[in-house]
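What follows are several structures.
Consider the two complexes below, in which subunit A is the common component and subunit B and subunit C are the respective partners.
Coming up: the complex of A and B.
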């Protein structure tokens, strides 16, 4: 028996499998099970049936958190698509200058989200921030970036764009480098100009990369926690309170653990849908 | 004179504007970290410190226990990375080259776990860590991070490229599975091991969600957790200290990135998602 396990190489998988079971599979099963309980961590959990889900239907702040995520997506997804695409088109050739610039644009993605966000907070500060100073110098009114709902959403979107660009730009660069130069040559012989080549040759050939970038960006934006926690804490009011932050607050500041589990069920299912699209795009490349 | 093309003008204008947007926060935070308290709170803001001072750094290191946080972060990052690299390379090999029942199913499972990040399973993750008695324990930051979907997925893809003939011929020569793994597979996996080490270390260094869930005792804070917490405290840590703290924590990521740039630029497609 043991010999067979050794020969089939199953034993190599076992250590990882143990960690996978304890810290991924168990939590997932636990989400579904505990979503039917009321629990405050101190007293024993109490079975309440679908009560948590009924509560969720009536909880306007929960639906608000999904709405906030959707608002952020509407602003962020086009930004996190076209800016990295533009940078990739400008930098995909293997020259020294483009390699250096790529590294600079990639750096924010590499750095800790909290440190990066802290730097942005300093830029965006209402009375001390350099951004408002620049705007005043140029004759605009200063904006209370983190103190008013709409500017706060814009600020979150900008910081997300800043942190995510490196990854998405590199996806586009890989996609662009995989396009065979024969396509361009053929188009050039046919007399196409650069703009036509981009729209009729490059862009259609990037189809799978486009889907990959979009799903990656949606997945990241949807589950983002650190940036919003550090930048706005979900505020002002509930204006940037996204679902993971709302779940966190319900669980760890209000100790409504069972309710947080029920919301996690919905959040998990949404993440699953996004991932399925993302996996398809990845496999289609 | 060389003719300047319109497209180049557009391209470089775009790049310069973008470069300002991406670098300004870093530049301004770093130079502000060298300002004195008086200067940092004075108006109008200066683009370069009038009298550069290390006041913020001294305060960040002495006043904020930065060295304790650094020690905690390094401990977690190094130990978790060792665990992750060894178990992941082994699992990648087993999942790509194994001949056991359920191998295909487990491969699918790994792909599916790509969607499970700590943010998604925050609450049950906290509950299981609590049940294991690892709250306010640095091992509570290490063990949950050992299995990483992205890393495992990358390892499987890598191992698929190792030719079966190589493993077969070693077997015919009388090597056992253990010898094959350490004698043939591991040496062939050096690029994988390097990439996993760099990524795992960076992920743990940058991590925020897990420390936030697991640790609430100051002496166990990691750098990123401490940086987030001190900003929320009333009574005010001055901005030059906060920015000095931030600057110190981004320096290692910059060094790692510059040293191993090619790993980040190449290995990126295998794992699009951060854990």
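Coming up: the complex of A and C.
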């Protein structure tokens, strides 16, 4: 039996499975269980049935946060897909300058998100930020980056892009370097121009990388908390209040832990649907 | 062989009998840590048998970590506790009154009575047990840019040529004149907190929660008018919109010279003293229907851990560090915070800090009891974030005042329901 197990190589996966079960599976199951309780972290949890889910239906700020998350998905995910792709195409060849530039683009990803975002908060400040100072010096009107809903959403997307570009660009570079040069040679012999080569050779051959980048970008967006927490705090008003931040506030400023669990369950299901849909749509191309 | 065994037993027993009592202390880092480090270094000379390990817990995570520690039964021996959260933790803290006589040589009553009333009611529970000692005590006050006021030729109270506090109307007039005289974009900086809004409304005679902890803002016609006045201050560029819409640090605009007045408090002292190219001075908050300020800061207490030796050592240290003339003075001189004890003069060696102590001491004495009563409730502690968010949305023009008040009413009722009553 043991010999059979070893031969099937299943035994080698067991430690990882145990790790996953303890730190991933059980907590997820517990999220579902605790969503039926009212709990403030101090008094014992109290079973309330579907009360948390019923309250969620009436909670307009929760649904607003879902809408904000979806808006950010529409603005941010294409940005975090195409900008890193463009950079990867420019920098995937092994030259000294491309290596230096890759390191520079990767550097923001290594910075603690709170530190990097706080820096951006100063840069984008309406009255005191260097960006508006430059704009005023050049004769332009200052932009209320963090004071109006749409600019705030754009600012969040740009800061996210700044933080994520390095990682996603490196994924694309790995994908590009794995494409055999024979494909390009064949295309050139057939008389394809640069755009045709990209669209008919490079892009289809990056299929797996595209799915990986897309999934990573969506996953980052759905669990992103630090950037918005530090940059806008969900404001102005509730215009950048994404669901993870709303859940955090409910859990740790209002101590509605059971309610936060219930919202997490719903958000987890919505995120799953969107991720599966995006991957399917990408794979169908 | 037997001798070896005896030697081994003695070797193991020595550290147990004569070893130091190790205590863990959770603090919020920054100046709080520096103050505690200075006090611990001095305490070590008196009690070399007690070792205190300081652990920084970031402010934003402090409350959740403490709750999880209580939940897991693995609490620190000592911890600093922020004012709004203090009522919730009282039942987990040691009763320090059992140790007061032994450590300080005074009665628990004398100990409690020596504090400002607004502090006393925070540290003593309903049964009369002393659950905390004061650590840093803060009061809201104004800070003025001395040069801007000089240029405008306007005196400010009490150290700028005027003794009496401004009325609200006078205050508004002063802000407009100083702004115009110095050609600055705004006049007043104020952090986005429900506590500032509470103080603004209370000074002008409106209670956010009444003494029975009823939410009254949506039922008091004056409240709506005052809230509208508040929002108008942003529209008229008296206040800085970014501070209430994007939670911009008010120190930035004030120290950057964009505003002439900061509605801050005694806790700003250390930061403002670091600015060398400008002169700032503390001033009274305006006096209208009421004259008041809001207290805050950190309390300090010892947790019930079940280990009697550690509990005793922790209680002794807590009382030592929280009592005037002992560790408390070391802490205050390091952090430039003001004393929570009446008639307790600390020699900070800096005239501005002495002024802060005088201004804030006067405001602490003037503050009516209901202000602290209301704010010492769990309802208030949980209503603060919704007030911040709703008012921020109103200032941003994303929501009407009526809608915000309706949302706050719903939130209030939900909190009361969750708490099972008004407490």
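Criterion: the second predicted complex is superposed on the first by the 240 of 285 C-alpha atoms of A that agree within 3 Å, B and C clash if a C-alpha of one lies under 4 Å from a C-alpha of the other, contacts with A are read in each partner's own complex, and residues count from 1 in each chain.
Here is the rule we use: a contact is a pair of C-beta atoms (placed from the backbone, for glycine too) under 8 Å apart; a residue touches a chain by one contact, two chains touch by 3 or more.
Please read these numbers as outputs of a predicted model, since none were measured by experiment.
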Quiz prompt | Which of subunit B and subunit C A:186 touches, first, second, both or neither | solution = neither
Quiz item: Given the touch rule stated above, what does A:128 touch, subunit B (first), subunit C (second), both, or neither?
Solution: both
Quiz item: Thinking of the overlay built on chain A, is A:244 touched by subunit B (first), by subunit C (second), by both, or by neither?
Solution: first
Practice problem: State whether A:46 touches subunit B only (first), subunit C only (second), both chains, or neither. | Solution: neither
Quiz item: Does the superposition put A:256 against subunit B (first), subunit C (second), both, or neither?
Solution: second
Exercise. See if subunit A has more residues touched by subunit B or by subunit C, and give me that chain.
Key: B
Quiz item: Which partner does A:100 contact after superposing on A: first (subunit B), second (subunit C), both, neither?
Solution: neither
Practice problem: For subunit A, give the residues common to its interface with subunit B and its interface with subunit C. | Solution: 121, 127-128, 233, 251-252
Quiz item: Mind pulling up the subunit C residues that touch subunit A in the complex?
Solution: 63-64, 67-68, 70-71, 88, 185-186, 240-242, 245-248, 252-253, 256, 258, 382, 385, 389, 392-393, 396, 398-399, 415, 418
Exercise. Report the residues of subunit B in contact with subunit A in the complex, numbered from low to high.
Key: 7, 11, 14-15, 18-19, 21-26, 28-29, 32, 40-41, 43-45, 47, 86-88, 90-91, 93-95, 97-100, 106, 109, 111-117, 119-128, 143-144, 146-147, 149, 152, 176-178, 181, 202, 205-206, 208-209, 212-213, 223-224, 227-228, 231-232, 239, 242-243, 246, 249-250, 253-254, 256-258, 261, 264-265, 268-269, 272-274
Quiz item: Which of the residues in subunit A end up touching subunit C in this complex?
Solution: 38, 40-42, 121, 125-128, 146-149, 152, 232-239, 249, 251-256
Quiz item: Touching subunit B in the complex: which residues of subunit A?
Solution: 5-13, 15-17, 19-20, 22-24, 26-28, 30-31, 34, 83, 86-87, 90-91, 101-108, 110-116, 118-123, 127-130, 133, 162, 165, 167, 170-171, 174, 194, 212, 216, 219-220, 223-226, 229-230, 233, 244, 247-248, 251-252, 257, 260-261, 264, 267-268, 271-272, 274-275, 278-279, 282, 285
